[in-house]
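As C-alpha cells, here come the structures.
Same chain, two partners: chain A is paired with chain B first, then with chain C.
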Partner chain A sequence: MKQPKEWINSLPKPKGTLLDIQKRGRELFLKQDIPTHSIEEWRLTKLERLFQILDLPLSIKSEDEIHPSSNSSFSEQEDKISISLESNQDPLNSIILPEGIEKIEGEKLKKVLNDNYKKHTPGNWPLSINYSSTNKIIGLKINKKNTKELEIIMNAQSNSLNSYRIIILLEENASLNLLQKDFGSKNSAISTLVELHLKKQAKLNHRWIGQGSLDSNLLANCLVEQSIGSIYSLTSVHNGWSFARVEPIITQLDGQANTIIKSLQICTKEEQIETHSHVKFNGPEGNLDQLHKAIATDKSHSIFNGKINVEKIAQKTNASQLSRNLLLSKTARIDTKPELEIIADDVKCAHGATISQLQEEELFYLQSRGIKIREATALLLKAYCQEIINKISINSIADLPINNLLESLNQ
Partner chain B sequence: MICQEPKPILEISNLHAEVEGQPILKGVNLNINAGEIHAIMGRNGSGKSTLSKVIAGHPAYLISSGSIKFKGINLLELEPEDRARLGVFLGFQYPVEIPGVNNLEFLRVATNSRRKELGKNELDTFEFEELIDEHLKIVQMDPAFLARSVNEGFSGGEKKRNEILQMSLMEPLISILDETDSGLDIDALRIISSGINQLITKDNCIILITHYQRLLNEIKPNYVHVMSSGRIIKTGSSQLALELENKGYDWIDHEPFSKEDK
Partner chain C sequence: MNKKNPVADIVSKPYKYGFITDIETEKISKGLNEDVVKLISKKKNEPDFLLEFRLKAYKQWLKMKEPDWADLGYPKLNYQDIIYYAAPKKTDKKASLDEVDPKLLETFDKLGIPLNEQKRLSNVAVDAVFDSVSIATTYKEKLAEDGVVFCSISEAVEEYPELIKTYLGSVVPSNDNFFSALNSAVFSDGSFVFIPKGVNCPMELSSYFRINSGDTGQFERTLIIAEEGSSVSYLEGCTAPMFDTNTLHAAVVELIALDDASIKYSTVQNWYAGNEEGVGGIYNFVTKRGNCKGKRSKISWSQVETGSSITWKYPSCVLQGEQSIGEFYSVALTNNLQKADTGTKMIHVGPHTKSTIVSKGISAGKSRNSYRGLVQIGSKAKGARNYSQCDSMLIGDNASANTYPYIRSQHPDSNIEHEASTCRISEDQLFYLQSRGIGFEEAVSMMVSGFCRDVFNQLPMEFASEADKLLALKLEGSVG
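Then we have the complex of A and B:
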C-alpha cells in the first residue's frame, strides 16, 4: 500500500478549473487520519481493499483511445442526453445541450466548487480522495422541467483509478431524470462525487446503477441538498464490486421536502458492499421513505448503516426507514444498523431491519407446482429485487446485468 | 357383467412421519384407485394436513418408516417438483403469497412443467393466454388476478379459486385438496365445488380434506376416512360424514378400533 504522501506525489500536478480543489483536497487528505477499525464508520470495512485503491494510477485515457460509440451525444430526436466520462477530455466539450440545461464552467464552476468545499463535512476520507484526484467534472444548471433523460456513464479504465465529479443545480420548479451508470473493470477503482442541489419545488429522479467486475472498487459519495417543496428520489442497484462504499447524504435544508430512497445491493463471492446513508432534517414537515434491500451469499459481506438526524426545528417530520436483507449462505455476513438521532418531539420515525433466508414455504409452494428448486430460487430472488429494479425502469430488465448475477447466485 | 379392474394410483402403507423429532403420522394406510374420491376428516391436529404435505414432499417432514407408492413408483424418493410433474397436486389450505412473482407467468411455468411430462408442447406467453381463458371459466375467476403477484392481496376465496385453477391447468392424477372449503362463502363454495366436479375423470382421483359436510354435499366422496392421532381409525361411506356431522368425533373415540381397510 502506498503511504498517503506517496499517493499524493504520484498524482499529476493540479491544473485547470480543478486546480484549487485538487490542492485543497490533497492538503486535507494528508491531514486526515487513515481509516482504522477503531473508527465506528470503518469498523467493519476490509481496510486492505480500501488501501489497494491508492496503489492504482490515475486513469489517463485520451480521447483517441475511446471508441466513438462511447462519446457523449445528444440530438433533439433522442429521448436522452448521454454523457460519457471515459476520456480525460471535458465530457461536455462535444455536446450541444437542449434548451433548459446549461453548463456551469469557468469562474462560476470555481465558485460553486469553493462554496461546496466549505459546506461539506471535512474528515470524509473517500471525499478527500475525490477532491485530490478528480480530473473529470460535469457542472450543469437545470432551468426548467426536462422530459429528456440525462445519462452519465463511467466505464472505468482497468488497472487505474477513475475519478469524477458531477454538480447539478436544479432551479425552482425544474425537474430532471438522471441515470448514473458506473461500470467497473479489471483491477480498477471509481471515485465518484455527485452533488445535487434542488431549489424550491424542484424534482429529481436519480437512478443509479453500479456494476462492478473482477477486482473493481467503488467509492461513491452523493451529496444532496433539498429546499422546500422539492422531491428527490434515489433508486440504486449496486453489485459485482470487490469493494464498494456508497454514501448518500441528503439534507432537507428548511423542511417540507420529500426524499425517497430505494436501494438494492447484491454481494457474492468475497465482495464487501457498504451503504452509509445519512438523511438530515433541518426544517419542519419533511418526509422520508427509505427502503434498503440487500442479498449476501458465498463469503460476501453486506453492510448498511442508515443514519437519520431530526433537529429540534424539524417538528412533524415523517420518516420511515426499512432495511430488508436476505442471507443466503452460512459464510456470508450482513450487518445492518439504523441510527436515528431525534431531538424534535413531534415526529413520526419508523424504522425496521430484518435478516432472513428465502422462505421455505414459498419455495415449497413453487416446487409443488413442478418448478425445480433452482428455478424457484431464481424466481424468488428476482421477485425480491423486482421492487427496486422496477423503479430503475430501464427499457427492459434484460439491460441490467443484475440478471446474470441472480442466475449465478443460484448455481 | 363387465367388472373393470381397479387402477391403483396411490398406495400408502404404514406411514410414519415426524417433524422436529415429534411424531405426527403413526401408521397411515390408504389405497386410492383411479376415479375415486376420498374424504379425510378428523379433529384439528389429527395429522390430515401433515399427510397431504408428506405426499407432496414438504422438506420439513422426516419419514421414519412406511411407504407411498404413486402408480407403483416410490414417491418418497422424489423431490416435490418431480412429484408434481408426475401428477401429484396439493391444493394448499393456506396458499402462499409470493410478492413480485407474476401470477400469469407462474401459472405458465407450472403448467409447462406438467405438459412436458405429459408429452405436450410447452406454451409461450401468447399460447398460454389462449389456454387459460377456458380454465378461468371453470372457477369463474376474474382475469385481473392474473396480472397480480401470486396470491398477493387475494381474498381467501380468490386464493382458493387460484388453487383450483392450478389444478385445472396441471391435469393431475391425484389432487389432495387441503380444506379447500375453508374461508369460502356459500356461493364461492358452490363455484369451487362445481369446478372440482368438472375436473374429476375416471383416470384421476381426489383426496378431500375437510371438517364439514357442506363440501361433501357438493362433491360426493366414495369413501370417508377419519384420522385421529396420526392414523386412519375409521373408514366408511359418505354416510360416515353425516354421522360425524350429527355426533361429532367423540363417539368414534369410544368405539373399538374399527378401521375398515378398503
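Then we have the complex of A and C:
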C-alpha cells in the first residue's frame, strides 16, 4: 500500500475549476487517520482492498487515446440524454441540453462546490479520496419537470482509479429521472460523489446500477438534501465488485419530505460489498420507506449498516427500514446493523432485519408443481431480486446481466 | 392534554432506599496497587490459586484501556480514589442470624428483605451482601438437604475450592474486558450456587446487594453452576444510599448450564440513580454471561433496570451445546439524566440452538436509553434460530431512544429475525381509558405495564408484581 503522502504526491497537480476542492481534499486526507478495524465504520472492511485503491494511478487519457466510439461523450436519443464520462474531456463539452436543464460552470460551480464543502466537509476516506482526485465534474441545474431520462455512464479505465463528481440542483417543482451507471473493469477503481439538492416539491427518481468486473473496486458516495414536499427515490443494484462501499446520506432539511430507498446487493466469489446508509430527519412529518436486500454466496461478505436519526424537532416522522438477507453458502457471511437514534417522542419508527436462506416450503411447493429444484431455486432468487430490479425500468435490465448472474448463483 | 407533562410527572418520586446505615465499617485505604490486591486476598484467607488469579487479572487490567465506545459521556473515573474493600466490623463467621448485627438486619428489613426466616413468608432463600461482604444466607440447611449449595463466594472458596478453581473465570475470562479484569483483581464477595445432577432447586434463590459507603466500589462476583438435568431460578436485587458522588459497581456474573440444565436469572436493579440534575448515582458496569455448555441446556436472563445513573451491561449467552436455548427479557426505564446502554449477545456456536430477545426501553426526562445487541450465528450453528424484538417508548420530547442491533450470520441454514419499533403513549388510548373512569396516572401506568407485559410475564411471580409497582413509582410525575 502506498502511504497517504506518497499517494497524494502521485496525483497530478491541482488545476482548473476543481483546484480548490482538490487542494482541500488532499489536506484533509493527510490529516485523517488511516482506517483500522477499531474504528466502528471500518470494523468489518477488508482494509487491504481499500488500500489497494491507492496503488492505482489516476486515469488520464490523452486525446488521441480516446476510442473512436467514445469520441462523442454525449448522445441524444428520443427519450434520453446520455452523458459518458469515459473521455478525459469535460463531459458536458459540446452537448446540447434540453430546455429546463442548465449547466453549472465556472464561478457558479466554484461557489456551489465551496458551499457544499462547508456543509459536508469530507470526514472520512471515501469522501476525501474523491475530493483529492476528482478530475471530472458534471454540474446541472434542473428548472422544470423533465420527461427525458438523464443517463450518466462511467466505464472505468482498467488499471486505474476513475474519479468523478456530479452535482445536480433541482429547483422548486422540478423533476428528473436520473440513471447512473458505474461499470468496473479489470483492476480498476471508481470513486464517485453524487450531490443532489432538491428544493420544495422537487422530485428525483435516482436509479443507480453499479456493476464491477474482475478486481474492480467502488467507493460510491451520495449526498442528498431534501426540502419540504420533495420526493427522492433511490433504487440501486450493486454487484460484481471485489470491494464496494456505497454510502447514501440523505438529509430532510425541514421535514415533510418523502424518501424511498430500495437497494439490492449481490455478493459472489470473494467479494465484499458494503452499504452504509444514513437518513437524517431534521424537520417534522418526514417519511422514509427503505428496503435493503442482499444475497451472499461463495466466500463473499455482505454488509449493511442503516442509520436513522430522528431529531427532537422531527415530530410525526414515519420511518421504516427493512434489511432482508439471503445467505446461500456456508463460507459466506452477512453482517447487518440497522440503527435507530430517536429523540422526538411522537414518531413511528420501525426497523426489521432477517437473515435466512430460501424457504423450504416455497421450494417444495414449486417442486410439487413439477419444477426441478434447480429451476425452482432460480425462480425464487429471481423473484427476490425482481422487487428491486423492476423499479430500474425495462431498458436498463437489458444492460444488467441479471439472468446470467442468477444462473451463476444457482451453481 | 391540559397538564404540562403528566406522564413525566409520574417518574419523579423520591428514592426511598436512599438512607444510610450508621454502622462501623472496616475499610482499607483508597487506591489500587498490587499490595491492595494481596491485602484483599489475605483478609479473606484465600488459597494461593485465587491470589494468583487476582494478580494475573490485575496485571492484565493495568495494560487495558477504559472503553469509551458506548459514548456514555461520563467523566473519567479515578481508580485510585476508590476504596476496594469495606466490610461491617466483626466479620467473624456467624453461626446463626442472631449473631448478625441487629442494625444490619434492620437495614434489610427496611429494604423489605427480612432475613429472619420466620418472617419470610415466601419460599425464597436470600444471600444478603452489604458493601463488600456477604452477611447472611438464609435457608442454607434446607437447601443442603437436596444437595444444593447456596453460600457466599468466600465460603465457597474455603469449602469447595475445586469447583471455584474449575469454573471461576471460565465464562468471563479475567481479560475479557476492562471492568471484568478489575473485578477479577479485587472482587470481594458475591454468591455461589451449585445445583447437583437432576435436582430441581426447591426454592427461589436470591441475592440482595446493598452499597452503603459512598466511596466504596462494589465488585461482587456471582457464580452459578447447574449440573446435568438440574434447574434453578435466581433473583438479584440492588439498592444504594443517596450520595453526591458516583459509585462504581463492576460485578461479574457467570452461569454454567450442563446437559439439560436450566438457569433462570432475574434482576431488579434499583441502584440510586442520581438526582434530577444528574448528580450522584451508581455507575453500573456489569459483565454477565452464561454458557449453555451442555446439550439442551437453557439460560434465561430477565432484567428490570430502573436505577443507576449509568447502566452499561449486556447479559449474554454462549450457546455451545446442541439444541441449547438462550433467552433475554429486559425492561429498561430511564428518567432525568440517566443513561442506559444495555442489551444482550447471543452467540450461537452449536447446531440447532435457539435464542429469543425481547427488550423494552422506556425513556423519560432527558435520559438516553439504548438497546445494543449482538446476534451471531457461527459457521457450525446449523439450524440455529433467533428472534429479537426491541420496542422503545418515549415519554416527553427530550428523551432519546436508540437501537443498535448487530446481526451476523455465517450459516445459510439458520434464521434470524429482528424487529424494532418506537411508539409513545397515544392520547387516544389515554382518552379511552379516562373515559372509562380510570384516573390519568393509573391509565399511564396501565399502558406502561401493558407495554412491558411480555417481560414481566417472565419474572418470578412476586418479582413481577414488585417490578410493576416499581415502574409505576418511577414513572410517577413524568407523563404529559
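Convention: the second predicted complex is superposed on the first by the 389 of 411 C-alpha atoms of A that agree within 3 Å, B and C clash if a C-alpha of one lies under 4 Å from a C-alpha of the other, contacts with A are read in each partner's own complex, and residues count from 1 in each chain.
Here is the rule we go by: contacts are C-beta pairs under 8 Å (C-beta built on N, C-alpha and C of every residue); 3 or more make two chains touch, one makes a residue touch a chain.
Predicted, not measured: the structure shown is a model, and the values here were computed from it.
By the document's definition of touching, of the two partners only chain C reaches A:K348; chain B does not.
In the superposition on chain A, contact is made by A:R333 with chain C only, not with chain B.
Within the superposed three-chain model, A:E375 lies in touch with chain B and out of touch with chain C [touch as defined at top]. Once the two complexes are overlaid on the shared chain, A:K312 sits against chain C while remaining clear of chain B. In the superposed model, A:S356 makes contact with chain C only, not with chain B.
By the touch criterion defined above, A:L193 reaches neither chain B nor chain C. Contacts of A:Y365 after superposition: chain B is touched, whereas chain C is not reached. When chain A is checked against chain B and against chain C, the one touching more of its residues turns out to be C. Overlap of the chain B and chain C contact sets on chain A: empty, with no shared residue. On the side of chain B, the complex with chain A involves touching residues 56-60, 79-81, 83-85, 89-90, 92, 95-96, 98-101, 106, 109-110, 113-114, 117, 149-150, 166, 170.
Those residues of chain A that touch chain C in the shared complex are 40, 312, 315, 325, 327-357. Interface residues of chain C facing chain A in the complex, by the touch rule stated above, are 69, 377, 379, 392, 394-424.
Residues of chain A touching chain B in their complex: 359-362, 364-373, 375-376, 379-380, 382-387.
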